[in-house]
Amino acid sequence: MMDGARPVRLLWFAWLRERLGCGEEELTLPGDVTTVATLVAHLAARGPVYAEALAARMQVRCAVNQEFATPETAVHPGDEVAFFPPVTGG
Amino acid sequence: MAGEARVADVPLRVRVQEADFDPGAELTALTAGRTDVGGIGCFVGTVRDAAGGRALAALILEHYPAMTQRALEDIAREAVRRWDLQGVTVIHRVGRMAPGARIVLVAATAAHRAAALEATAFLIDWLKTRAPFWKKEEFADGGAQWVAARADDDTAAARWE
Amino acid sequence: MAGEARVADVPLRVRVQEADFDPGAELTALTAGRTDVGGIGCFVGTVRDAAGGRALAALILEHYPAMTQRALEDIAREAVRRWDLQGVTVIHRVGRMAPGARIVLVAATAAHRAAALEATAFLIDWLKTRAPFWKKEEFADGGAQWVAARADDDTAAARWE
Amino acid sequence: MMDGARPVRLLWFAWLRERLGCGEEELTLPGDVTTVATLVAHLAARGPVYAEALAARMQVRCAVNQEFATPETAVHPGDEVAFFPPVTGG
């Protein structure tokens, strides 16, 4: 696709934001990253801080384009992908 | 399941804001100009002054701005699909709040009380597990921690699945 | 069952009155001066503009004055025995009311939302079957009738037995 | 008892009040009226309007001294006894 070079927008919330020291970043997707699961594997390979934060799979949720996502959810260039802990509002 | 046309006709008031809100004004707005309402159910959540035995100095509500409004509207619409409601209000504050402050209001009107009361419980249960808010507790002793999700919130939400 | 000492410590606001009430003021009063409240559950009942397909002109609420206050206090106290509540308010109007008017408010505060919400449902369910009020409907066509007790009100109340 | 001659106060509410044309009256208890059940039988003997109103037993409730009563509840001189339909407040 022509927009293959468009980055995804990555968002981190709550303790993930604090632990990774980043709330928002842009990332150009490698060609083998097509789903939430492959994106998580790619991010975990950044280093131990990411690996540990993302390893707690039960404690990390994901939304793609502001909708709750599963590991199988597709990720495309230009998407907004957010990672966050289980919600605690109300 | 009611038709989507009926769902679209029910007024939803959904707001995310830093400012406090006025529960009385919100309840009045739900019935203003109509005389077909039989009952209003309402829940207001407030900041407790302690957590786990530690005195709380403040509660910080973080959220995901691009997603929050839509998530709350989805929850309100789901309530309208499930019960024969006449109006739904969902207001959630974000930012820093002191003990005693109001955090959230959910309310529903219906011709019959069971629908209003059940929808009210549903709204707050689903909001607690499906809307992108995160609470951080700042304690009087200087410590701080992110609130962990509660298993009994999942249990409460699962009642409606 | 909680001890009667604890029950006696929970403030009950119970009123029977002709005048309208202010739901916002009542909710505020339940949390005034305290920061240990986690949530407020509330139900407000209002006069619908029709019954059985006939347009309603007014609703008359008759009651048994010597018994009403005590009956409502008994219901409020029973809620406090069953749930860990921090305060209960029950207000019921009597006399002649127009469509859209508020009839009744029940509200309960608690550290945790489930107690506040369940107690709110309990209060209105028990009030509907245990407090000495009788409704008479006056229709726009000139007719009038006493409202018959509803079997589903008994069913709702029986949930709590 | 010295107060054997004290009347009971009878109260009628809602459609019972309207049908009987009376909201409140005093009644000196006959010697054989000692319970709600025997009081109801005594009142039903007043005439067909009372008999019919009170015959609808599922539709008539009673309170003695402002507490819900059963047919077995005792009635004493000086008591306040109220008859009314099932409640419909709220």
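Each chain gets a letter, A, B, C and D, in the order it is written, and its residues are counted from 1.
The rule we apply is simple: a residue touches a chain if its C-beta (ideal position, glycine included) is under 8 Å from a C-beta of that chain, and two chains touch if they have at least 3 such contacts.
Keep in mind that what you see is a predicted model, and the values were worked out from it rather than measured.
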Task: Rounded Å distance, subunit A centre to subunit C centre (Cα mean) - done: 49
Task: Centroid distance [mean C-alpha coordinates] between subunit D and subunit C, Å - done: 27
TODO: Could you tell me the distance, in whole angstrom, between the mean C-alpha positions of subunit A and subunit D?
DONE: 74
Open item on the list: Show the residues in subunit C shared as contacts by 2 or more other chains, in ascending order.
Closed with: 45, 113, 124
Task: Interface hub residues of subunit A, defined as touching at least two other chains - done: 90
- [ ] Work through the pairs of chains, note which ones touch, and then classify the graph as line, ring, star, complete or other.
- [x] line
- [ ] Return all touching chain pairs.
- [x] A-B, B-C, C-D
Task: Touching residues on subunit A, where the partner in the complex is subunit B - done: 11, 13-15, 63, 66-68, 80, 82, 84-90
Open item on the list: If we count contacts the way the header does, which residues on subunit C are in touch with subunit D in the complex?
Closed with: 45, 61-64, 66-67, 70-71, 92, 103-104, 124, 127-136, 146-150, 153
TODO: Note which residues of subunit B are touching subunit C in the complex, please.
DONE: 22-25, 27-28, 31, 34-50, 99-100, 111, 113-114, 116-117, 120-121, 124, 156
